[in-house]
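Each chain gets a letter, A, B, C and D, in the order it is written, and its residues are counted from 1.
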């Protein structure tokens, strides 16, 4: 098949790791964390830190470092971090940076976001493995399979969403680290969000919180706005209310019809979605209640 | 006084006129209009035209032309246009382009939009005469008067808005062609809008329709949006729902506090407001129900 | 083949035509043109007009109109226009708006601009027929053919550019209305530009006139600019100096390596190129010496 | 005087300090630095770090922290840091964050950048004290003095630049931490740059490196670019070649005359300049040869 060729992803060395720490802010936290890394012989390549409030706020840190023989010494480093950080009220993860996220992409009839992700994936621009595409329409099966990626058609019939979601869970459980809704036009149930156990990123075709719900381009035309946009956000049980990861807009004029807005907005959607997926998969996005820290 | 010096506005010759036509679209309209202008010896400098729908839509045209001895021949041209256009279902205005709009600026405690308009006015960047500034606070009287512009302090006491608005009308009637609310933090009554008889432009500190009502920067912080913006719109009886003239946004991050958003948003507000005032005063903004055509 | 399906282009009715007029400005021009259209029973859908200088400048007008039975009455209309416009110093074209431009896309190793055009084409977003892809590398043959489009591999050997260009001319002559260089990394000879007889649009990976020549992203990294961009322009004999059609930029930071700039810039390149191709093919781009009017 | 009122600057507590470290990258650096801060009882509020190259690159770190009784304990902390950091090849500064930079603004005839800085200063938006304005023209003396700021008119006569620069040095030496050229239209000599001993920030009215030298808006019009911009950079002996701090652009069209470009570009200039001054004065800008790190 012609489209299976894949260039290599942005080179991440085998000795590079990412440490993500979050919790209650306390004096000495950064020193404690970097002290452990220093003792272990790590060289910090980048460090981002945020405190929601200097007085009693929440603490967020993302550290990328190089450590020779990473795979060998990682268990020891984890243990040592566990000891030191147990004095603080924190959660943390530590993983090699070259470990790519496994991603399932959900789509419906629109193909622009789906194809954009497939291409970038093929070109090695995103640190992800797209392991499957799931759609409630059969239309894109050939396109997707031409990239060498499995395509599953799971129809969602009116009043039988539960059945479809059960099939989704079968496909996803244990197989993916992230679900991306690439203009998937079905409501996701609260149960599904709980059961799937991995984050879900959605692209909404408006600059939220404007034009919540269906038909944002039509509403934008009716309201006569001079810019339209798109919002990538984590899916929560509150429709279109989840933590925002990325947003962008473009200018429009009175000459643009609702169809023009949709066509031009598609460019913003795919740009915003891929940038949110990239940030998430590089572990740049931390959640603080219903808002995000994007390092 | 140091601040009264004024450079000349963007040069508009005495022989330049603007013709604004709007109404029901019909074949032959552009030819009929430009035919009259051509017969009169006018040279068209720019022509913008928009049809809301090729089938039975509404028609909008803005024509700028040069005509020697404009002031002498204008009455004849008006009469001739009246004859020709009476066959169509239209409204139209024809006026010399060098006729500057008289503008009243309303402000409250924030000075960034007010001062921006005053400075641009002094620099001759806007085709307006600011004939007065009205505020419900006395704070900016010295600043305003330093520009040689009258300042009127009209307090608005709780439950006595009617009294204040009566004073406003006294000041405004016959004296202004446009009222600009430059972060004026009082509700305008429906009666006032009817009585004042000239358009009112407001700057709202969000990318409407997001964050309607008070406290948009606080709401933006809480919602965790990645961009903030401002919207200039005509004031109608429906708060924050009037026709949008101009909008813009800037990117923000998790590091920006609500105060940062307010400070950074102020730059967008003044830019959007002055651009809306400029477009309105150059008669580039036509209204089509609750949306605008901006040529 | 999976990729040949094509949605319909933005609907342009059979009765819609475009008239492009340019030349020496003179009073009465707009009236003369619209008068002929009006007599013929045309309804103007949009009219854009520009004069480079109100005194003795050059005149540019693009008119889109609807005329029942267009194909039948077009010859008469052309004749009538010829009579009326012969009094002026003008060139003009009149053609049905649904006549799609035939486009040849030239590419080298980078695929992002090429594939973007192919996908938009398939989705019916562009008013073009891509009739062939020509490349100096064989890499994209399968990708292109999967869209049902002919792919021609024409190697360009050092010091034998003439041979390659002779082959190009054989392929192109009579077959295309536009050549698009979609990151085609070979110099085009002055002879070729003369001989091919159709416009050539190139995408340059910098915000020209910054970083003329090869390696703009490397140069941008070295110079430490805070934004990178792309420029679509007509190809002339002066390398990177042709009339600019469209430009855009994005922000970058010190964290971006030259490789990051290249990857992120690719998004701007494809956006700018497709928007220039769209504008050109809708006859929105008129040339005035070395600058463009983009209606 | 009406314009002397000053709101308070963005509140920076008395116990907040900034530590800026740069030099050769080495493992253990971040831990060593944060270890000293932690021992001293400091709470890190924000930490930005950059390494120009993971292998043998240069290291840059900006740390903002809170430390009770800062003024009392600062000398001890400096001593301790000196001991620990002497093992590394570094330069560093440590200072209270509420120490405002003293700024001299140089201007010529254009007032938009000058007035923008004066206003923002009055409004307390910038962490600076504007201690004087110096101009080669007398025009803005009243405007500046209305803000309660000294204005010095130092004419620069042809071939007698040395005399003027000698006067400049008399005014500046020991009195300022930064010189801002707010559209100051005189060449600065290499000797002056050496002698003044503080950084100089200039605003150039183009998106450098495009349109180096005089008349960028005229050149932009002639080249037919579709965007114009501004660049704030440190002044070095190479004209328009110094390290870039901030850049931005806006879209323009064929309708904009060179005068329009100048007027519209003025908005970008003042925005870019004030953002560069803000970043510099918050010590967010570090220099790495001829490029900048902007945290």
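In this section, a residue touches a chain if its C-beta (ideal position, glycine included) is under 8 Å from a C-beta of that chain, and two chains touch if they have at least 3 such contacts.
Computed from a predicted structure; not experimentally measured.
Graph distance from subunit B to subunit C, where chains that touch are one step apart, equals 1.
Averaged C-alpha coordinates put the centre of subunit C at 42 Å from the centre of subunit D.
Centre-to-centre spacing of subunit B and subunit D amounts to 36 Å, using the average Cα coordinate of each chain. Multi-chain contact residues of subunit C (touching two or more other chains): 46, 50, 255. With chains as nodes and touching pairs as edges, the resulting graph is complete, every pair of chains being joined.
Listed in rising order, the residues of subunit D touching subunit B in the complex are 2-3, 10, 46, 111-112, 115, 119, 123, 125, 142-143, 145-146, 255, 259, 263, 267, 271.
Touching subunit C in their complex are the following residues of subunit D: 50, 207-211, 222-227, 229, 243-249, 253-255, 288, 290-294.
Those residues of subunit B whose C-beta lies close enough to touch subunit C in the complex are 25-32, 34-35, 37-39, 41-51, 54, 66.
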